[in-house]
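Listed next: structures, encoded as structure tokens.
Presented sequentially are two complexes of chain A, the first with chain B as partner and the second with chain C.
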Partner chain A sequence: MPNKTFFWFFLPTGLAMILFIGLPIISTGIQSFYAQHDQVVKEVKKCDPFGCTVSIVVDQEATSVIRDERPLGKFNGLGTYVDRNHLAIEQISEFWDETDTFGDFIDQVTNLPFYKALLFTLTYCLFVTPNVLLLGFIIALSLNAISRKIRGPLIFGTILPMIVTPLVGSLVLFWMIDAEGIIGANLQLIMEDPYLSLKSSRTLTWITIIIYGVWHHSPFAFVVFYAALQTVPQEPVEAAIIDGASRYQRIRHIVLPHIYPVVTFVALISLMDNFRVFEPIIGFSAEGSAQSLSWLIYDNLVNEEVILFGSAAATSMMTIIGIAILLAPVLIRTWKEFRTAR
Partner chain B sequence: MEYGLDKRSNALKTFNTTFIIIWLLIACFPFIWTFWGSFKVRADFFSRADWWYAISAFNTLIETGGQFTSNAYSEAWTEGEFWKASRNTIIVTVFVVTISLFLGTLGAYALSRSTERYAFWILIAALIFRAMPHITLVSGYLFPFFELQIWGILPTTIVVLVAINQPFTLWLLYSFFKTVPKELDESALIDGCSYFQAFRYIIMPVMWPGVITAGLFSLMLAYNDFTVTALLLNQENHTMVPKIQSYLGTNQHEGNLMWAVSAVVSATAPLFMLVMFFQRQVISGLTTGAVKG
Partner chain C sequence: MKKILLTLLFILFGTTTYADGHCSKPSGSINILANDFPALRTFVETAKGCKGSADFKVTHSSEHNKIAVPALTANPSEFSARIAANSSIVPLMNQDLIRPMDDLVKKYGKGIQDSQLITIDGKVMAVAFMANTQHLYYREDVLKELGIPVPKTYEEVVAASEKIRASGKMQHPYAAAYKAGWNLAEEFVNMFIGHGGEFFKAGTAEPNINNAKGVATLNMLKKLASLSNPDYLTHDSEAIKVEWESGKVALMTLWASRSGTLLDDEGDAKITAATKLTGPATVGGGNIPAATLWWDGFTLAKNRSDSDAEASFIALAHAASNKKMVADAADQAVWLVEGFVPGPKSIGVIEAVKMGAKPYPMLPQMGLMHGALGSEIVEFLQGKESAEQALKDVEAAYISKAKEQGFL
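Here is the complex of A and B:
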């Protein structure tokens, strides 16, 4: 296709992506160097028969004038990145000096908002991704052995958790697991602990959100693996059966190598999706004990008094860097393949 | 994988069937339970006293005189203004799907027919864009949108959702266009068609399966979106998902949990029916990218 024709065909979608994905990233980058204005204060002298007092009040008018003049805020350089709510360089070096053991140090650091969120996000990715792959693969193998006639409805039932939006999916589970729901109430009966509830324990909350993650993402892995299983050639499998290979050996040495590229694809996609975990935290009302990077950004953006653009932008930039680190191996591999192909 | 040689023992068969049944229970029961509970009153579905009330409908009988009540639905749809939210969802979904498909087919066709190196890099860039968490993009939108005074209205959200959706649509349609033989449009070009005519009259008619799949995924994205719609729309224009969240209540104001339950069922039912109807397309869409590499 000639370049000119390509240009006109691609212009609309290219423009949409540049304007609403490319530019926002740049805009986020710029915003992260600014911080909201301080409030202007003035001294007010108040005199009554007993003497004069000077009090300090916020000058609303002057504050709003400054805000209107420079809506982006004041220039803050890398200040937002290193403050207490983000990388917290100062606090960390303080902790390093103050704490005696390394464990204490880690405890202190993971209490800082950014590191707390990073720890949760990484834990979530680390536990959800492998379990999604495993469960998805087992369901695919298992469904593949069921009679073809009834597979259709079974597949429909299997993919339900995936097609609902994460907020709805987590709400539906939360209403059952919460102390007033069917599972929660029965757990209290079984454990004989009337105060057992999701909200009371940090570990329980984390486990629940991870279970939700596996429940929500496994169907995707299942669908892809199921399709891949249909393409496994029959001859090597039959040969292996004749040679006396066990079922496990067949899966390990014939099926898995065949679908290996698909496994990496699913792992990559689910890693990307898990890294942005956010809605389940709202669905499970788990803000108290589990915060993710995306949730931190959301929290800054729905701030009641002043929207913390700078703070949200700084967290966003660091999230994007995180994604870049996750994607780097894949991109490097693609680039190498592309170069050798040339 | 049904091999004549592969004999499964009965134990394995039983184990397999049990596993599938347990999994299906885990996957489907939460939805069935929520559907059931949406016809009860709050004191039953969220019972402090005894979870069995959700089945025996103890309080529902006292409060409404029947085993089942549709009060939650009628209140959420009228008083809770869920009708407005579903109207907004329909508007957003229809426009997002139409515009996405229009832009996506043009772009993906060009990408699939280009032999230049930049086509490869555009696809890689699209993959990177696909990986961006939506909330980071929203944090980039908010400030400029406030300044331009286009925050809070439906058209802005529609355009944003279309753009966010493009990378995935491009990849999906690209792999579908690749399966249409090049000779088809080349012969049309030799016969004197322009590229656009070849695209419109030769390629599009054989592309319907791909277009339907891509359309379904755009629909699911627009219909299910929470991040963008919750932050870029004002109260008045909220779509269904942020509306459900607003029923949950916050520290400041008490929510209405039964509204949320009935709204969840109302929002999920059309989606389930759609997927039941188009199951084949959804699955082919999820696997095209993966299996063909």
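Here is the complex of A and C:
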């Protein structure tokens, strides 16, 4: 396609992307460098049905003057990025000096909110992404091998987890693993431990969320792989059969190389999705045991009565950077292949 | 203390004689944002009875806290009035989003009692209409059978729960809303106040919880948690209500405003009949209860036209002074409205006031402390870190947030 034609085709999408994705990201970036002005407070008398007290309130007159002057707030540079609730540079160097063993140091660092969330997010990505690829591929191969008559209903059943709204899916599982629920109560019976709770143990909560993630995302991988399998040319496969290649050898040497670009694509998309893991944490009420970067942003924006825009913006920027770092190897590789192919 | 009691008695048995449910037929546009529980629905319905020719809209949502600040910041704001409580009025004050209503009270607030007015720096910022607190609920049959007296302190609650567990009747006899986040932090606030703690160093926004009182608070919470359903970190008020109704709990700390749904005709009649209410417990030998007093009241949005504010005030004041409403819905809430006769479901709040319970601290930075508590004490309850470490984490998390917000 000539570049000019491509440009005109791309223009509407490009404009929409700049308007709805590019500009908000820039605005978020700017926001992350600012903090609120120093609060001007004054002592006043407050009376309610339970009596009067002398207490403090924000002095609105003084504050509105400052706010009108500089509506963005106080310039904080990278202050929000390095504070204790984010990268915690100061705290980490303190821990390094204070702790004796490396294990202690890691314990202390993962006790900080940002690193706690990062640890869960990365663990989730590392376990869910490969399992989704593997499971999706296996399902696609099996479905591709069975009779066409029952294939339709089976495909529908397989993609159900993807059709179910994430929140609903996680809520269903959440109730099942409750100490009074069907899975939770039976586990207590089997393990003979009435205090066993999938929801109160951190490890078990993580495992539950990861299993849920694999269950929820596999259908996507399956659908793409299944479509790709339809394009595998039959001649080389037949030739391989005549040559006496086993099923495994056929898959390893013919099918996989053929659908390889698709595997890269699915890996990219699921990595991006998994790095932004959020719904299962809300659905499972797992805030106590598992926090992800997206959850931190949500927490800053809604869980406090005071909205922390600076914190939320800083975490958002770091999530974007995190995704970029994770995707870099795959992207570079794809780019190189693209160049050699030309 | 005495004064508070007098005020309450005055509120409850006041005998001024104003005409009931006067309504000056407003016009304009009324749009109310409120939390979602039965008493508030009744209140808003009553206000609707006085909408005159005004366009009347209401949004009941349990997510009201998340909507309020953005919706009221817009100019003109989405809502003309917001039903708030001690804690949720603070962000509105911090951002200067609500208007004083002294003239409106003078002009249309005839039936409203002085004690209902929330004044800040001499200006009326809200009109309260109901009171709330968390207090103890107990199963009379279970306690009687095992010869346990009704607990007055949390130490007695622990002893009673241990006895019930030892008897084999119930595996997890205690329940409270310990869901990580807002609920758990609220339990800490109650228990810390019961220990006589102050959240901030006097006159500053410096945190003051990493001390012996904080440690005692955490230890008590952990002891109670060990007597609760193991999933306690995911249980909110609604979840423990369900646990109670299934008969698996004998002692519970829950909001007074939820007593109505516990004592209604739905569910097992035997459990409902044995469900009794009592005041909040004290802790650690203290004499004030480990509970906070709350009021619910209405506020008017600043970024909305004067005529809409006036219309909203007329309708809401009609409800906030409505004797018929408090008589009809006497068991839905502890109304602060004149003419309310407290019934058996109000015992918790009245006892709390008698015992000298403190109101939830209405400080500009309290929301940040509440938020930090909700996420940082979880690991202590899970047994992953010491009480001192947890409190240190809370203070550190709070300090970072307070710095970003300009309080420190």
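Operating definition for what follows: the second predicted complex is superposed on the first by the 274 of 342 C-alpha atoms of A that agree within 3 Å, B and C clash if a C-alpha of one lies under 4 Å from a C-alpha of the other, contacts with A are read in each partner's own complex, and residues count from 1 in each chain.
One rule holds for everything that comes next: a contact is a pair of C-beta atoms (placed from the backbone, for glycine too) under 8 Å apart; a residue touches a chain by one contact, two chains touch by 3 or more.
It should be emphasised that the depicted structure is a prediction, and the values quoted were computed from it without experimental measurement.
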{"item": "Touching partner for A:Val82 - first (chain B), second (chain C), both, neither", "value": "neither"}
{"item": "First, second, both or neither for A:Leu122, with chain B first and chain C second", "value": "neither"}
{"item": "Partner chain(s) touched by A:Ile139 [first = chain B, second = chain C, both, neither]", "value": "first"}
{"item": "Between chain B and chain C, more extensive residue contact with chain A", "value": "B"}
{"item": "Touched partner set for A:Val302, first chain B, second chain C, both or neither", "value": "both"}
{"item": "First, second, both or neither for A:Ala245, with chain B first and chain C second", "value": "neither"}
{"item": "Partner chain(s) touched by A:Leu160 [first = chain B, second = chain C, both, neither]", "value": "first"}
{"item": "On chain A, positions contacted by chain B and by chain C", "value": "178, 180, 285, 302, 307"}
{"item": "Touch list for chain B against partner chain A, complex", "value": "1-3, 5-6, 8, 12-13, 16-17, 19-20, 23-24, 26-28, 30-31, 33-34, 37, 45-48, 50-51, 54, 102-104, 106-107, 109-111, 113-116, 119-120, 122, 124, 126, 128-144, 146-147, 159-160, 162-164, 166-167, 170, 195, 199, 220, 223-227, 231, 241, 244-245, 248, 260-261, 264, 267-268, 271-272, 275-276, 279, 282-283, 286-287, 289-291, 293"}
{"item": "Chain A residues touching chain C - in the complex, by the definition given at the top", "value": "35-39, 41-42, 44-51, 55-58, 60, 63-64, 74, 76, 80, 83-85, 91, 111, 113, 174, 178-180, 184, 194-197, 199-202, 284-289, 291, 299, 302-308, 310-311"}
{"item": "Complex contact set, residues of chain C against chain A", "value": "3-4, 7-8, 11, 65-66, 69, 86-88, 90-91, 93-94, 96, 115-122, 128, 131, 171, 179-182, 229-234, 246, 248, 293, 295, 336, 353, 358-359, 361-368, 370-371, 374-375, 378-379, 382, 384-385, 389, 393, 396-397, 399-401, 403-407"}
{"item": "Residue numbers on chain A that touch chain B, as the complex places them", "value": "1, 3, 5-6, 9-10, 12-14, 16-17, 19-28, 31, 71-72, 138-139, 142-146, 148, 152, 154-161, 163-168, 171-173, 175-176, 178, 180-182, 185-186, 215, 219-220, 223-224, 227-229, 231-232, 234, 237-238, 241-242, 247, 261-262, 265-266, 272, 275-276, 278-279, 282, 285, 293-294, 297-298, 300-302, 307, 309, 312-313, 315-317, 319-320, 323, 326-327, 331, 334, 338"}
